[in-house]
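Here chain A shows up in two complexes: once beside chain B, once beside chain C.
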Partner chain A sequence: MTAISEAQPAAHAPRRRSVLARLKGNWLQFIMLPVALLWMSPLIWIVLTSLKTKAEVFDPEAGFLPQALNFANYPATLAVAPFGTYLINSIIVTGSILAAQLVTITLAAYAFARLEFPLKRLLFSLFLLQVMFPIYAIFLTNFITLREFGLINTLPAMIVPFVASGYGTFMLRQSFRQVPQELSDAARLDGCGHFGILWHVFLPLVQPTLIAFGIISVVTHWNDYMWPLLVTNSDNVRTLPIGLGLLAKSDSGADWTRLMAGTVIVVSPLLLAFVIFQRRFIDSFMHTGVK
Partner chain B sequence: MTSTKSNISRRQLLGMGAMAPLAGLMPGLIRPAMAGDTVKLQFMYPVGVSGDINKIVSGMIAQFNAEHPGIEVEAIYAGSYDNTEQKVITSLGVGAPPSLWLPINSALQTFLGLDALEDVTDLARNDDIYEDFLPGFLNTCVSDDRLYGLPFQPSTPVLYYNKDAFRAAGIAKAPDTWDELLEVAKELTIRENGELKRWGLIIGGGWHDWMFECYCRQNELVPWRKDKVLFDQPEAIDALEFWVKMVNAGVMAPASTWQGSANDFMAGQTAMLYHSTGSLTNLRTSAPFEVGVAFMPKNKTYGAAQGGGPLMIAKNQTDAQKEASWTFARWMTNTANQAKWSKATGYLAVRKSSWESAEMQSYLQDVPEAKIALEQAAFAGAFLQVPGYHRVREYLKSALDRTLAGEIKPDAALIEANTNSNREIQRLLRRQKG
Partner chain C sequence: MATVILQNVCKSYGNRKTVHDVNLTIEDKEFMVLVGPSGCGKSTTLRMVAGLEDITAGRLTIDGRDVTDAPPQQRDIAMVFQSYALYPHMTAYRNMAFGLLKTTRLSKAEIDGRIREAAEILHITDLLDRRPKELSGGERQRVAIGRALVRKPKVFLFDEPLSNLDAKLRNRMRGELKRLHRELGLTVIYVTHDQIEAMTLGSRVAMMSKGELQQVGVPMDVYMRPANTFVATFIGSPEMALLPCRADAGGVLGHDGFAAGVALGGTELPSDVILGVRPEEVSFSRTAGMARGQVERSELIGAEALVEVALGEDRITVRSAVADAPEPGEQVGLDFDLARVRLFHAGTGQAIDRQG
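Let's turn to the complex of A and B:
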């Protein structure tokens, strides 16, 4: 009996079974693929629009794909502003902020997590308060400070106000507190000082947090518009978002094709970096639970 | 094809990286300082329309600097009108304003309240300003009969219409009165099985308070004085009731955005559009159909409110800088430059002589639509020049939006906006006195 019933379907439907098996093994893919496409769609749309002609963008008859790949928008965009200089400035500013922040938040978080000193709680509350302040509320005071330093219209003007981060300190302190006390005690027995413990024990363990914070910091400062606009005057110290601003006009509606070409130029370095370090980033988010 | 690669070499990159920290050591660069015999001026400007305006402005300034050896103007692009105002007010706050800036004309009372503006009345009297500038434009810089700047890039809303759609519906000409507007909009609205395919009319959102002032002016009401607003007047309520009538008739979109409305027009989703003259070039070149331009329809009269901005000169600077600033403002608004600027951007030239110039005449032959806005400007005045106009605009826009969404009656909404706006204006005036 069993032999017959088994043999019958096997005889004419080996194919269906393999499809079913494959479906079973890969069902997640079938859900993820549309989701991935959905997530990709704005990016694809940006790239496609950047290759269209101006009339094509609004012509309801025209299809989703450009009729001919029109790369002319890219040189036309680059002609609007010195995007090369802007790109270098963006890299310098974002990179310097990240490097400085990693040093300051590591030291501050270690102090708050593992050291005892007077007024620790009060100071930590002040750090948290800084997270809650909207950046716009302190624009003028920051501006005055920078002006006293003589830093207006320089690259440091965009870096200095952001070298410390209350948010980063808070994030890292929480991670440090999860590191077992025994590990640092053991390191101390082996002769490590505070810096030794920090370097050999804490930092390797909180790498995912550092990476997560790095992404947030880079994306925030890469896209920052208002502060760079306020403290810079000359093209040679300005950053990419200001170049994009030139294409999003207020009086006449945006210049969509060139705006999209500019957007591709602005986001591609970040996307590229993300693709290269993808595995590490995703690991880090899995560990920290940041979404 | 040109290469899209940046033309910056590695050497330059490294050099710039090394120089960057040094730039901070040169505070002398920051303030407009007197260096030898050269007067240094900073000029902050926004970029409001498409086309390579930024290039045009910096090109004009480079030319000015070349022609005037004693003066050096630094061109500072400062984002949108709002961004520019924030940047200028921040600099005023630390006592180091730029020599000149280009705000939207509504900001006049804001800057006067900060005591920031140089009175240029006498300089203008000794010049041909009062004779040659179009009075409608010049008036946007006047408060209490004193002149505080030179108009540079005025614009007004106009009625854009889809000529192909008009032809298909058998309509010969653009509507000239509110009643005709409603009729034409009814004929042009397309619904299939109750589903909307095309609006008759969209009023560009985001600036619909600007359009609303035009409607008030078409009802013979200027809805503000320099220290209060008059949104609760019957003329204003009547104008809003007309909007509600169009929305209830299903021919006008109850809400839109500034860029979205222009996109909808170009995509054929509305047959008529109220938008700025600044959009003329963009709409003309991007729309896949023939674009018509007409006066905004009248009710009791034609009427429009001026957008765009004047060049303003800072009070808090040396006499040499003020003199150089005037020279610069005067040069930017001379006959030839205004003709060139108008042609390149779609803004309206401020001088009669510019419109009469050969260059402008030949442009008008090619683009007769540009003339419409000029003719309409004869009926135009300044837009909402009250202190704290940002907040007032928000109150008014909120009132308009809620009324068109059917949440509140027109008179109640406008009276509420009027009360809130006047309270805000009074608060600011008290603070200025104190």
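Let's turn to the complex of A and C:
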């Protein structure tokens, strides 16, 4: 009976629904398009400016688009500072931080999620406290510690302070706690110890969280300016953002075209990675609810 | 062979004792069901056998070997969990292979052989490439059982494996488990809160309550001769009616609703006893009957009717033919099958054994 009574109105529904659906879809696009443009506008502006001549940037008559595509800014930028070295340094620093963090937060999060030990709650509170502490508040102590170890003006100076992450530990602990206890039990019966359980059961199941954390970590440390500036003073250990800084405070004032070209160089590896792994990234953030 | 012996096994969490002095022997090829209400310690006991919980005090041997402190993988056991606990990121095949890869030195071909064999037995050969989320509840259940089977362990542990299935499927899986036990000659310890599962599956059942063993025996024996009022009411549906009575030396029981004499065969009765009557041990009387009461409720459940009758303050359920079922409000006479009814001490709840 119910099947018949439901089927009848459905016969008329498709046309009405499709009009509605189209309208609804359009509405969404009307809203989304300007928002997307707004978000992309700085990037578009950067790319366009990097292709202009110096004179064009300050010419009030000049249009939004460059009159001629002028790629000369790119080689010129690379000539100002050793961007190749900076790029390699950035990759080493960001990569090392991520690799070290993944190890430390995984182990710490597993301990907090699944093991019982004295002072567990207190220790976890301290981890959370670290998240709440502004990084600038511990710059001085970190700096002194590194100087004592003789690490100032080396690549490790930019890596060591960040090898652990309270935030990452917290994120991962929450994910680990979602993994059913019976799965660990089953793994124990299947002959796994703690490391086996972590490797074979927990890590595959929290991949989205790991990716989400990885993105946050890479973006943060790739773009970090303050700390690398503080602990380095020679070209061979500096990272890309500092290279940009050099362009911005040249004696003759900011060299906008080269600065923009440099910015494109700095952000393009991340942009490229994002475009390639876009779907994975979005899935991860949807899964973990991190924004 | 694979005999499991628990000797004075206890479990405490801090000061809270959850399992008290359990002494239980599970014979080789036996299907032992641990049954009891939730929180009675049955799952904890099973987890201690599995090695997932430490044994606070006591001794556990499997096949003559003391495994009280052995880690799970050294006990030669396999377990099927309530939620199945299949690894979500592995296919059914990998799920079954994983434990073998970790705990044995079998070759790939041998592992494959075992998995194919188990899959054949469980009719899951077509499902081996699927991941758990692509399987239905019943299929996951089979894969979980398969994961245990391929291990060829001495003892199989089941922790409420059927409670996540719907009634029809549960029925079928019950038959399936029974078949596996019979055909493969498995030694099984099976935990459930469902007394029907306990009655139908168990070679023997062990009733637990509040962390203590109440009674161990073959299902019909536990049903016919419950050791105390707890077992009496837990096993059997609808449950046994418990009627508090005064007893005199001659074996005559006095109750608000009736007076009845029971054969004692020399046993002395305390002054206060509880008369336990199962629904099939009481019938409607054509004459005045031993007791008279008023019908409160009458449920027709197909082949038979369950009629609840008020006897003074107490209620008693009568199993009767549908045609004989009286209407609510009717006054009826009841006859007890006095040879079969059970008597319990009113104070302790322990059964009183009547000779003869």
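The rule is simple: the second predicted complex is superposed on the first by the 249 of 291 C-alpha atoms of A that agree within 3 Å, B and C clash if a C-alpha of one lies under 4 Å from a C-alpha of the other, contacts with A are read in each partner's own complex, and residues count from 1 in each chain.
What we mean here is this: a contact is a pair of C-beta atoms (placed from the backbone, for glycine too) under 8 Å apart; a residue touches a chain by one contact, two chains touch by 3 or more.
Predicted model, so just to flag it, every value in this text is computed and none were measured.
In this superposed model built on chain A, chain B and chain C occupy separate space and fit side by side. Shared-chain residue A:92: touches chain B; no touch with chain C.
Using the contact criterion defined above for the overlaid structures, shared-chain residue A:283 touches neither chain B nor chain C, since it reaches no partner.
Contacts of A:230 after superposition: chain B is touched, whereas chain C is not reached.
For chain A, the partner with contacts to more residues, out of chain B and chain C, is B.
When the two structures are aligned on the shared chain, A:246 is found in touch with chain B, with no touch to chain C.
Of the two partner chains placed by the overlay, only chain B lies in contact with A:83; chain C stays clear of it. For the pair chain B and chain C, the least inter-chain C-alpha distance in the overlaid model is 36 Å. Chain A residues in contact with chain B (one complex) as well as with chain C (other complex) do not exist. Residues 1-4, 6-8, 13, 16-17, 20-21, 23-27, 29-30, 42, 46-50, 52, 54-55, 74, 76-81, 83, 86-87, 90, 93-94, 96, 155, 258-259, 262-263, 266-268, 275-276, 278-279, 281-283, 285-288, 307-308, 346 of chain B are the ones touching chain A in the complex. Within the complex formed with chain B, the chain A residues making contact are 54-55, 57-61, 71-72, 74-75, 78-81, 83-85, 87-88, 92, 139-140, 143-144, 147, 149-157, 225-226, 229-230, 233-234, 236-237, 242, 245-246, 249-255.
Within the complex formed with chain C, the residues of chain A that make contact are 180, 182-183, 185-192, 196, 200-201, 204-205. Interface of chain C with chain A (complex): residues 47, 50-52, 71-73, 77-79, 81-83, 85-89, 98-99, 102-103.
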